[in-house]
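Below is one structure. I have some questions about it.
Chain nomenclature is as follows: A, B and C, assigned in order of appearance, with residue numbering initiated at 1 for each chain independently.
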Amino acid sequence: MSSSDLQAPTSTTIATASAAAARKKPFALRQIIDHVVLIAGSLFMLVPVLMAFFTSSHTDVTVHTNGLQMTFGGHLAENYYEAMLVPGGFTKTVDGMRMLMNSFILGIGFSVGKIIISMLAAYAIVYFQFRFATLAFWAIFTTLLLPLEVRILPSYEIVQGMGLVNTYTGLIVPLIASATGTFFFRQFFKSVPNELIEAARIDGAGPVKFFIDILVPLSKTMIAAIFIIMFVFGWNQYLWPTIMTTDESFFTLVRGIKQILNVFIGAQIPEYGQAMALAIVAMVPPVLVVVIFQSWFVKGLVESDK
Amino acid sequence: MAKVVIDNVRKVYPNGTEALSPSSLSIEDGEFIVLVGPSGCGKSTLLRMIAGLEDITEGTISIGERVVNALDPAERDIAMVFQNYALYPHMSVYKNMAYGLKNRGMPKADIDAAVQKAAKLLHIEEFLARKPSQLSGGQRQRVAMGRAIVRDPALFLFDEPLSNLDAKLRNQMRIEIRKLQRELGVTSIYVTHDQIEAMTMADRIAVLNTGKIEQIGTPAQIYHTPASIFVASFMGAPPMNILDGHYNGNGGLEIKDLGHVAVDHTLEVTGDIQVGIRPENVEIHQAEEPHTIPIKVDFLEELGAGRLLHTTIGNTPFIAHLDNEHQINGETVFAHLPARALHLFDASTGRRV
Amino acid sequence: MIKSQFKSPLFPYLLLLPQLSIVVIFFYWPAAEAIRSSFYLEDPFGFSSTFVGLDNFRDMVSRSDYVATAEFTIIFSVIVTFFSLAIALLLAVTADRVLRGASTYKTLLMWVYAIAPPVAALIGIMMFDTLVGPIAGFFQALGWNYQLGTNRFDTAFAMIVISIWKQVPVNFIFFLSGLQGIPKSVQEAAAIDCASSTRRFWTITFPLLAPTGFFLLIINITYSLFDTFGIIDVVLKGEPGNNPVTLVYKVFLDGFRGNDLGGSSAQSVILMILVLILTVFQFRLIERRVHYN
């Protein structure tokens, strides 16, 4: 029975209408429970971050005596100014802006590098006939097996031996080694209709032209999706930057967290406000990217992990 | 414009399967030839070898006077229309049509003139700025044709171009493609699995089966004198009735479950043969007459322009075509198979005798 | 049909060169080095190393702190995986059902994905802070003398909660897209065949979600083993002291702090084998998933 049948409460249909209302009741109750569950879930996700944000608008003394805050204090600008523009807060030589810049360099450098390198490799694997194709395929895809964490020590030694400690190259390039991007583009290229390459060949497009004129424009959405995921992934790197950068001028925001902790261990009143300010700054860019480009992000995430 | 010669061309895939056994076919300048056959018969493989999308294992293909075996698709002076249109989804209709010309280094003004001319011919001028996704199936089909036309090729290749369209549009496009081809006079090779397309469009048809060309001929030749049982039953709807028979020389033809039929010419073979008759050649009588056999009416299928009478002879399904004037009463009628309408095939080779 | 391919003698190698060289230098070389050094004993100053066969492995499993770490890792992984999957499934099923505000809820439940684990942990340790944290305050009000950083159990509790908090969004996204991938016609057929929505969930929706669930199971185990490094490091403020750590964290501790290259490498090799097993499972599941589609 559709909902329109249930309306029109004339005297003859009152009986049916009340019966419908009786049936509707548990339905409405279930809806209320659903919303309660979702609101509880949303608060579970939201409250800790809101608290961090509100706390970043209070003085350290307030926080120290009254605990974390859920109201807006008057010292927001002050804390963010200290955290972002005054060197020697948590770190001795760099300010938050420098770390913010480094985070962008890592996030963008990593995602762009990864997209270029993996697109080229996937293009070779899908669209070319050559002798060691299978070997190359396996050589690249075996890297999906071992996360950086389990080979961290020798990786560090090799990069150190190459003199790449405290360089952007050393920070970014080794992270590109895994094949997630290549795998993703391979899947996508395989889904591109075969007839397109045939039409292009008849139209006189060689390998380079086909790549630039047809394949790259076709992959635009995919590139955007993978860029978002890789940007967030790169921005959020912690272990590798922690061991690769000892020079503070190369610190990223996420890496800088560790320096905040050092201050916490000290005996004085910790600089809660500044710490929370820096944490908020460290999460805003990736969160914005994910929220604004949500549909691309979800698509990329779900497809790439297949 | 060019003559196309396919000389003993063979295709073997790396895994050893032979997609096409050595086949030869000579296509005249301006001719519209249709390669027809069931899926997997090798027709697409042959077309793709002509296009240069597949390597030729053996034999030579020449377009015009040039052997093209070693040439890239782009150098063969051909244009191809694909089943899924294969339009570049990110380019406008205009750019789709211009892309091949641009790659050839044609001056911008000439490209524009060619695209406008083709667009006018196909009535797609108003869509030139649109993306393929904004077009209907029929419009995309036209754009795919347009992309082929602008190249002004020596040879058009069509790979089942109408199979994604609905029935009505397919009939319409069939006629349009043929008209256009006559106007342009470009030699064309058209691949389809649809025998109606083959019959209605072709100057000549090549029927393929299991990697072999079974018969080459005009639609009338293919229909009226099929060279094999395969051709006889593949071409024509409803298909030709095929019955088992035996020939013992001197005009003595026995059809299984039907009895003796007189044939006026002597056959070269004796022994088991297969007898074919098209549904429209079966004569149905209400009452018993000389040389008729009683048959039971299982089912009458209304076509509007006539009716099909379904029955079985022995265990073999059998169909007769009836005109609208032809009245049927009762469950049993009498069929006559005129000797001149019988197609006789060697039972062991399947070839016409 | 076989993909139409270009034939070019050198071009594909050129295309592969950047990826392959990075993979060889930063992946195969260190991985081989890890395996090699797991069989060697290096003196503390790094001047010489001796081949010791499987001694590092034998030494490793006989040490009580390694066994304790392994035990904790298992408990940690099981709890984190179970709760982050269960919470995410509940939220995804509910979010898939509501009519109003579905997209708002979706955004609110997934955005935490973008927060880096150590940043999440920084906020977490503030929430659990013995002095200023509201959660610790709440526990203390209930009579639980919650002490982050000094009490083993209390520290582990915070690690687990933060790890779950960080992982729920990923699972939520996958479950929700899995649910939305169930054809509407199937749901409608189920609605006609089965009146009880709870029963419908367990007999129709849940089995259809199983492939996504299995896949996420592997993802979550991998997450709790490896990606929680940042959380653990921040919760411990870099100084584990008496507190529990996971296997990956121990590799890092022994390698970088303890300078025990052989021992750390042997632990790495064990983890490699673990990941290998998980990946084999994952690939088999992917194949299954392909069949489902």
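Assorted remarks:
As a working rule, contacts are C-beta pairs under 8 Å (C-beta built on N, C-alpha and C of every residue); 3 or more make two chains touch, one makes a residue touch a chain.
Predicted model only: the values in this text are computed from it and were never measured.
Common neighbours of chain A and chain C: there are none. By number of C-beta pairs in contact, chains A-C lead all other pairings.
Chain A and chain C have Cα centroids separated by 15 Å. Between the CA-based centres of chain A and chain B the separation comes to 56 Å, rounded to the whole angstrom. Note on chain placement: the centre of chain B and the centre of chain C lie 59 Å apart, centres being C-alpha means.
The set of chain A residues that touch two or more partner chains comprises 198, 201. Annotation for chain C: residues touching 2 or more other chains are 4. Residues of chain B found to touch two or more other chains are 53.
Interface residues of chain A, counted against chain B in their complex, comprise 193, 195-196, 198-205, 209, 213-214, 217-218, 220. Chain B contributes residues 51-53, 72-74, 78-80, 82-91, 99-100, 103-104, 147 to its touches with chain A in the complex. Listed in rising order, the residues of chain A touching chain C in the complex are 30-31, 34-35, 37-38, 41-42, 44-46, 48-49, 51-52, 55, 63-64, 67-68, 116-118, 120-121, 123-130, 133, 136, 139-140, 143-147, 149-159, 173-174, 176-179, 182, 190, 194, 197-198, 201, 206-207, 210, 232, 235-239, 242-243, 254, 257-258, 260-262, 264-265, 272, 275-276, 279, 282-283, 286-287, 289-291, 294, 298, 301-302, 305-306. Interface residues of chain C, counted against chain A in their complex, comprise 1, 3-9, 11-13, 15-16, 18-20, 22-31, 33-34, 37, 87, 90-91, 94-95, 97-99, 101, 105-119, 122-124, 126-127, 129, 131-134, 137, 165, 168-170, 173-174, 177, 197, 215, 219, 222, 226, 229-230, 233-234, 237-239, 248, 251-252, 255-256, 261, 264-265, 268, 271-272, 275-276, 279, 286, 289.
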